[in-house]
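The following blocks contain the structures, represented as C-alpha cells.
Both complexes shown next keep chain A, but they swap its partner, so chain B is in the first and chain C is in the second.
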Partner chain A sequence: MNKYIAYWGERALLVLISVVVLFPIGWMFLTAFKKPRDAYSLSLNFEPTVQNFVTVFSDPWNLGSMVLNSVIVAGATVAIAVPCASLAAYSFSRFRVRGRKFLFFLILSTQFIPAVVILLPFFLMFRSLGLLDTRVALIIVNLAIVTPFVIWMIKGFIDAIPTDSEEAAMIDGASRLRVIKDIVLPMAAPGILTSSIFCFILTWNEFMFALILSRRDAVTLPVGLVSFRTERGDLWELMSAAGVMITVPIFIMALLIQKHFTRGMTAGAVK
Partner chain B sequence: MAEVRLVDIEKKYGSFLAVPQQSLTIEDGEFLVLLGPSGCGKTTTMRMIAGLEDITAGDIQIAGERVNDKPPKDRDIAMVFQNYGLYPHMTVRQNIEYPLKLRKVNKAERARRVQDTADKVELGTLLDRRPSELSGGQRQRVALARAIVRTPKIFLMDEPLSNLDAKLRVTMRAELKHLHHELGVTTVYVTHDQMEAMTLADRVAVMREGRIVQLDTPKRIYSDPADLFVAGFIGSPSMNLIDGAVQDGRFIAEGMDLPVSLPDRDEVVFGIRPEDLELADGDTPIKGRLYALELTGESTLVTMRAGKTSVCARGHADFEAPINAPCHLAPKTGARFYLFDRATGQRLDG
Partner chain C sequence: MNERTLSYALLVPAFVIVIATTIYPLAYSFVTSFREWDLTKQLRPSGFVGLQNYAHAATESGFQNSLWVTAIFVVTSVILTVVLAMSLALLLRRTGRLHTFTRIILILPFAMSPALIGVSYRFMFNPEFGVLAKGLGAVFPALEGTPWLANPDLAMAILVITDVWHWAPYMTFMCLGGLASVPRETEEAARIDGASNLRIVFGIILPQMKGVLLVTAVLKTIFALKMFDQVVTLTGGGPGTSTETMAFFIFNVGFEWFDMGYASALAWILTIITMVISAWYVRMLLSERKMATA
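The block that comes next holds the complex of A and B.
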C-alpha cells in the first residue's frame, strides 16, 4: 500500500512540476497562433492563425533585423569565445605555471559580480568609444560574460583526457600545437560542442546589457520583446509570436544535443 | 641505434629530491631494465630521457649529442606507455601511421610500412578497428607497433606489460625479447616485476629511492646482490632473510645454527635462496616445524617456522608431510648464502 502511494505520489509530483514549468511555455505557443481578440481567453477552442508571425516581421516591428542581430551577436561570440577559451582551458589544465590557481580563480570570480554593477562602466566606456547601439559592443560584452564560463567548462573536459595520449603524440614527433589539433581537440570535441551551445544560449538570451547598450540598430530579440508593450497596451499575441521565434532555435539545439547537454552539465559540475 | 649517457643527472620537484645526482651509460643496442618498487624514480628517469620531464641538473646525451633542451619530438625516440597512450579517436591504422605522417613519409610508403608492422605484431586484420574495440593485449600490440613502425634511436618502455593478464604477459615478454633481437635498437625498459627484468634484460639497474643501487647482468644481480634490498627484491619466491647474530664463527637464530666466516657481531641478516635449501633428516642446521606447503607444479614450496624465524625451501613436487610436523632443512652442497648488516643493509661477506 505504502509502495503504491509512493509510486503514484512521485508521479503526481512530477506531473505537477511539469505543469508549472511547461504552462507558461505552452500558453505562449498557443497565444502566438491566436487572433488579438482571443489572446486573453483561456479557451482552447480558437481559430488558429499565422498572421501574428507575418505582422512581427513587417513594419513597424521588423523582427527580421532583430533576428539578424541576435544571430550575428551570438554567432560571433561563440566563434571568438570558444577557440580562445579552448586554448586557455588547455593551458590551465596542462601547464604548471606559478600563480595558475589564483589566475583561474580570478577568471572565475568575474562570474560572481552582479551584471548591474558593471552595466554603467560598460555604458560609459562604449559611449566614449562611440560604440553604443552597435553589434560590436554587444559582442564584446557577451565575450566578457561567457568566456570565463566556457573556459571553466572546457577545462573540465580537458582535465578528463589522460595525458598519456598527448605525451605519446609528442614522442611520435608532434609539436605542442599539433598535439592540440590532432589529439586534444578531437578528444574534447563533445565537451567543446556542449560548451559552444551553452555559450550560444547564454548570448542568445542575454537581455540586460542588450537593453541598455542598444537603441535602434543593434536591438536583439529579447530586447525586441519589450517593444510589444505599447500605448495601446501589451500586444500579447505578437509578443508570443516573437517569443516562439526566440525559443524555437534553442529547443531544436537542445533536442539535437540532449545527450551531450546533460553530460556537459555534470562534467562541468564536478570538475 | 645509439648510446645513451646520463651524466650527473638530478631531478627535483620543488624541494623534493626525486632522483639524486647519478650517472648511467646505456650501451648501443643494449636492453637495459630499470627495476624497483613503485615510487623509486625509475619512471621519472625514463621520462627525463624522453624529454617529458626537465632535468634539474646534469646532461643527457643520445648518440653523443646533448639533448637537454630538445623537445621529445626531436630526440628520435619511441615510447610504449603503461596505459598504452593510444589515440582513441583514430583507427588502429591511423594510430600506427601517425609517427610516419608527422615525418611526412609519402602515402604509399606509409601504407606499406603500417601493413608490415601490423603483420609483425599480428594486427594485420584489425587495422580498421578503433582502440575501444580491442582487447588489452591487442591494444598493447598497437602501442608496440606504433613504436616500431619507424626505426628510432631508442625504445623506451614504461611497464608495458603491467596491464595484461599473467599468461599474455609471458607471451608478450617473449615477443619483446625476439623483437629486440631482430631490431637491435637500444632499449630502456621500466618495470617493478623482477621476473620481467631477469628475463628481458642485458643489464638491470635496480633502483631504490631514486638511486641506482646495483647495475649488473641479471645473473650477477641474482647471484651476487649488492645489499639487503636487492637480495630481497630479486627472486621468486624471494630470498630467506633471517635476523640473528654471529657468535664464535656461527650464525645463531631461533632454530638455526650455521658455520659462517665472520667475526662476532649482533644484528646480522642471513640470506639464502629457497632453491639452495633441501629437506634433510636428522641433525640439520635449520630446524623447526612445518608451517605451509605450496605446490607450484614443478616443485613444492616448503615453509618452516621456528619461533620468529620463517624459512622457505624449494622441495620435490612429491613432498608431503602433515602441518606442524618437525621439519629439517640443510643448505645444498655448494649453496650460496649471504650476510648483511641489519641496520645499513650492506653485504658483510665477500
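The block that comes next holds the complex of A and C.
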C-alpha cells in the first residue's frame, strides 16, 4: 500500500512539475493564435488564426527587422567570441603560463560584475562615437557578457580531453598549431558547439543593454516586446505572437544541446 | 614560434576583448563615480567631487529602498531556488519515462528570455483576464479580484516566482550533475540496514552535496543581485517603489535622471557588494574542500 502511494505520488509530482513548467509557455502559444477578442477570455474554444503573426510583421511593428537585428547581433557575437575564447581556453588548459592562475581568475571575476556598471560608460562612449542605436554597439557589449563565460566553459571541455594523442603527434614532429587544428579541435567540437549555442541564447535574450543602446534601427526582439505596450493598453495577442518568435528558435537550440547542457559548466564549477 | 610565445599569443585575442569591453569601461565608471556629471546640463564631466556621490548614497531614500528590496529579493529567490533545485534533482535522478520527459522540458524555462517571462506572468496575473488570476479566483473565491501586481507584497512574491521559475530548472541540472558523482554504495548499504529515505537524504546525500550546493548558491546570488529584466517587464518597479531592485534603480538614475556621477557611484557600490558576497562564498567553498580532502 505504502509502495503504491509512493509510486503514484512520485508520478503525480512529476506531472505537476511538468505542468508548472509548460503552462506559461503553452498559454503564450495559445494566445498567439487567438483573435484579439478571444485573447481576453479564458476560453479554449476559439478559432485559431495567424493574423497576429501577419500583424506583427507589418507596419508599424516590423518584427522582421528585429528578428534580423537579433540574428545578426547574436550570430556575430558568437562568431567573434567563440574562436577567441577557444584559443584562450586551450592555452589555459595546456600551458603553464606564468601568472596563469591570476589571469584565469581575472577573467572569471569579470563574470561577477553587475552589467549595469559597464552599461553607463558604454552609453557615454557610444554616444560620443555616434554608435548609439547600431548593431556594432550591441555586439561589443554582448562580447563583454559572453567572452569570459565561454572561455570558462570551453576550458572545461578541453580539460576533459586526454593529452596522450597530442603528445604522440608532437613527438612525431607535428607543430603545436597543427595539433590544435587536427587533433584538439575535432575532439572539442561538441563542447565548442554547446558553448556556441549557450552563448547564442545569452545574447539572443539580452535585454538591459539593448534597451538603452537601441532606439529604432538596432532594436532586438526582447526589447521589441516593450513596444506592444501602447496607449490603448498592452496588446497581449501581439506580444504573445512576438514571444513565440523569440522562443521557438531558442527552444530548438536548447533541446539540441540538452544532453551536454550543464556538463561544461558544472565540470568547471565543481573542480 | 616557440611554445612559450605561442602560449601567450593564444591568450591575446580573448584578452583584447576582455580589456576593451570590461576592464576599460570599469575604470571609466570608477573615475566617473568621483565626478559631478549631470548629462542634462553638461556634455562633458566637470571637476572631481571626491566622495560626494558615495556620501549622497548613504542618505538618499530611493537608494536605501532599493538596497532593502534587493536584499529581500536575493534571500527569498536564492533559498527557494536552491531548495527546489535540490529536491527536483533528487526526484529526477531516478530512471523512468516521465522522469526523462520532465528532465528534457526543464531546459525550456532557462532558454526563455527573462523579459518575456516578465511579460507573460504580467498577462497571467492580470486581474480582469489573466488566466492565473481568474483560475485562482475560481478555486479560492476569497482571491477573486485580487489586484495581484498592484499589491506591494504580492508583486514582490510574483517577481520572485518568475525568477525561481527561470533559474530552478537550470540549477536542477547542476544538482543532478553533482548527484551523479555521489557514490551509491554508502546509500545502498544504509538502505539495506533499514534507514529511512529521509535519513538517507539528510544523513548521506546532502552532506556530500555541500560543495555543489554552495556553487549553486553563489551563482544564484550573483544573478539575483543583478535582477533587472523582469522588474522592467513585470512590475516596472512598482507599485510605488516596492520592487525597485538596485540594478533597476541605478538604471533609472542613469537614464531617467541622467546623473552619471551618482549612477556610477551606485553601480560601484553594487559591484563591491557582489564581490564581497562572492568572496565570502568562495572562502566557505575552499574550507569545505579542505575538510573534504583532509
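Please note the rule applied: the second predicted complex is superposed on the first by the 257 of 271 C-alpha atoms of A that agree within 3 Å, B and C clash if a C-alpha of one lies under 4 Å from a C-alpha of the other, contacts with A are read in each partner's own complex, and residues count from 1 in each chain.
Methods note: a contact is a pair of C-beta atoms (placed from the backbone, for glycine too) under 8 Å apart; a residue touches a chain by one contact, two chains touch by 3 or more.
Note that the structure is predicted; figures quoted are calculated from it, not measured.
Peer 1: Could you look at A:Leu211 and tell me whether it touches chain B, chain C, both or neither (first, second, both, neither)?
Peer 2: After superposition on chain A, A:Leu211 lies in contact with chain C alone.
Peer 1: Who does A:Ile201 touch here: chain B (first), chain C (second), both, or neither?
Peer 2: After superposing on A, A:Ile201 lies in contact with chain C but is clear of chain B.
Peer 1: Applying the document's definition of touch, where does A:Val15 land relative to chain B and chain C: first, second, both, or neither?
Peer 2: second
Peer 1: Which holds for A:Ile183: it touches chain B only (first), chain C only (second), both, or neither?
Peer 2: In the superposed model, A:Ile183 contacts chain B only, not chain C.
Peer 1: Of chain B and chain C, which one touches more of chain A's residues?
Peer 2: Comparing chain B with chain C, the partner touching more chain A residues is C.
Peer 1: Would you pull the chain B residues touching chain A in the complex into a rising list?
Peer 2: Touch list, chain B to chain A: 50-52, 71-73, 75, 77-79, 81-89, 98-99, 102-103, 143, 146, 156.
Peer 1: In the complex of these two chains, what residues of chain A are touching chain B?
Peer 2: Within the complex, chain A touches chain B at residues 162, 164-165, 167-175, 178, 182-183, 186-187.
Peer 1: Which residues of chain C touch chain A in their complex?
Peer 2: 1, 3, 6-8, 10-11, 13-15, 17-18, 20-26, 28-29, 32, 88, 91, 94, 98-99, 101-102, 104-117, 119-124, 128-129, 131, 134-135, 165, 169-170, 173-174, 176-178, 181, 211-212, 215, 219, 222, 225-226, 228-229, 232-233, 246-247, 250-251, 254-255, 260, 263-264, 267-268, 270-271, 274-275, 278
Peer 1: Where on chain A is chain C touching in the complex?
Peer 2: Of all residues in chain A, those touching chain C are 10-11, 13-15, 17-18, 20-22, 24-25, 27-28, 31, 39-42, 80-81, 83-85, 87-88, 90-92, 94-95, 97, 103, 106-107, 109-125, 140-141, 143-144, 147-148, 151, 176-177, 201, 204-205, 207-208, 211-212, 221-223, 225-226, 234, 236, 239-240, 243, 246-247, 250-251, 253-255, 258, 261-263, 265-267, 269-270.
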